[in-house]
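The first chain written gets the first letter, and so on, giving A, B and C; residue counts start at 1 in each chain.
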């Protein structure tokens, strides 16, 4: 009985994810065909490609077949990870994007974890001292960073790094190096930029969530039991406040990804964001749409993961 | 053993100062059950929170004292007061509502007071919790469940178990039957009564429901607008009410078959933000006199332990 | 909520009262420090945008190749860019694009969001269900990536950038309006209008819309901030017309021509400060309006 409702919850989430992915693919198909210009040319015919490459694309994507058949082929290709051939690199888009995705995750995963932890920590601090001077100071700091354009803050750090000297401001590794230390050195500034701009939203979420929880009846009950502040906060309030945070973090992943695109561009970090920036400059449409699909897929899948975690953590869903 | 004297509590709100309790004095004897009755906004719940010293941040105890065994709760340090909560004085909230943490199993929450007060380790605490849960009538299948899996009555039993697990001297039950169906209400009242007798607890039973209170309380205090209107033994107050508000409450008794109120009290309760001078009830009172507007709350009826604060109580 | 409805009833009243209630409104708004500061910032940048030709020392389009990336001097207080254009003048003129895009895109997104929110909240049913799924989708998806792809395909003119930002930003407004309509729908006078056979469109636009207007207004002000942010990000990434003068474009230039890595702080810092200030201005104003119209809503 209990497991039945839990699995139906999961099933519903998976269904919604499939629908989202379907929407993304369809959107792409129509975007490059319905909009003005000559979209087919945009995607599959470039003077830069060889005749053989063009021919094989025409077969793979059924360019001589009716539109509906092209649509089905497009979906199949997208699900198989085939987004055509990059105009600029003249190889399959996927072969360029997969390593870029890995590089992006190397930056994005630690940035997200640190932002969330910093946000939770400052948010708890702020909510516990609600309306005090420290609360206001914590919030104002968070808001100030949040109002900064990501690329601008990145630029400021580059200015500072060059003034100080010795801190790498571009790329993932120095030429020829593959050491972790070298990676961490290169990661420092992009990571710092991302964390500073994006932790503030988590501070505010956590503060509001915890503030709501602190006014719940079961918190009064905990006080009545004689629990001290630590116990109220860490045994009762924070775990309850964390539940809505899981969904909110998932929703805001999209924003983090946007930030990552800008930061990668600023620091020439060879991830998907940098690929997008370069594709805009090169008018490399297949690359652009491939990157778009991979980025949106990743965000949608991360949301599915968050929903599943939520379902497992909240007993009200686990044992219905 | 519990003596409240001249207690006043106010809240500062956006619309001004709200006087929730004004100059309230109340004595509760060891081992008895005191029923505290009033409509919502009468200050009865504020009194419960004040006794635990867990009032919200915007509340302030303006004056008065609350003595337990001759010791003023107000004079205790925060830490000492905290150690009294859940050990010497416990509180039962409206369990059908949100008073249980949705993320903790029932047994964990019930055993928590023992851990907080260092009376047992985790294993012993759980064993004691099972013992108490069994006593209040929760089957072992419910012990490892989460609050949302329990019915309102079961949750209320768990809340009671949580409050009595430390063998407290004083138990404050704030609307423990509200939100439950009539049959469950009766079962909970019976459980509280039995527990109180068995453990010789001094109980303050807070409710808006006078008939329910009459079933359990040895003595009854009636509150209105943050002031005491009448107090006395249950028998005296029910059989021979000396305040028009009490008789109105008695007249609005639900009938036996259900919850139907036969006759409510006309008019709105006074607002704690703007308390009128004189008798607080006079706007809604059928026997109000001109002099009521200048009444200053001297005891106007006293017969042994039975007191009422109404200058026209002879007209009843 | 009661204050919000009181406010909106003022607005819904006949035009004779509008001047009086505007005065009344201003009296209340004036007491809000954050709001007044925000409004001051908006006015400051509006003046800068309108009078850019008067306050700029040079014509920003004037190219002078002998002044390639020159540092600040008496003649050029913020130096010059790679084309020898005066950076101070460029920064003044940049206010124009930011405000135009901000206001126009916000107007589009709020109008679309208002209409969709009103209909979906009022009629409910499957249309409402679809709307909720669509907004869920938009909330999750990184909108900027969407904007980049669409703008890249349809061509990055100023109008297209406005359209793309406006048409991709409505879901959050629609959501807010929808939830308000759901509660207003149950107000007695709306119910009686419905029972008396009022036409749906009449009820929606005559009775419901005036009551959501204050919140829409606050929402619109906030939307300007996010539209300005989106535009700056797009231009920075090279999406948009590079010949248009904008703050995002100046920062783009600073990176593209090595000014940042050469430590030319005068090139990159001012436009960023302007963006931050203007965004704070709109956010503070919108936040204060929201607080006034809907005091129950949680801060920040």
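FYI, a residue touches a chain if its C-beta (ideal position, glycine included) is under 8 Å from a C-beta of that chain, and two chains touch if they have at least 3 such contacts.
All of these numbers come straight from a predicted model, not from anything done at the bench.
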> Using each chain's Cα centroid, which is most distant from the centroid of subunit C?
Replying inline: B
> Among the chains in this structure, which pair is joined by the largest number of C-beta pairs in contact?
Replying inline: A-C
>> Taking the mean of the CA coordinates per chain, how far is subunit B from subunit C in Å?
In response: 53
>> Centroid from C-alpha atoms only, then distance subunit A to subunit C, rounded to Å. What do you get?
In response: 24
> Considering the complex alone, what residue numbers of subunit C touch subunit A?
Replying inline: 133, 136-137, 139-146, 148-150, 152-155, 229, 232-233, 236-239, 248, 251, 254-255, 260-263, 265, 268-269, 271-272, 275-276, 279-280, 283, 298, 300
>> For a test of understanding, state which residues of subunit A touch subunit B in their complex under the given definition.
In response: 216-218, 220-228, 231, 236, 239-240, 243, 314-316, 319
> subunit A touches which residues of subunit B in the complex?
Replying inline: 49, 52, 54, 82-87, 90-91, 93-94, 97-104, 112-113, 116-117, 145-146, 148-149, 159, 162-163
> Given the complex with subunit C, which residues does subunit A contribute to the contact?
Replying inline: 16, 19-20, 23-24, 28, 31-32, 35-37, 39, 42, 139, 143, 147-153, 155-156, 158-159, 162-163, 169-170, 204, 207-208, 211, 250-251, 253-255, 257-258, 261-262, 265-266, 276-277, 280-281, 283, 285, 288-289, 291-292, 295-296, 299-300, 303
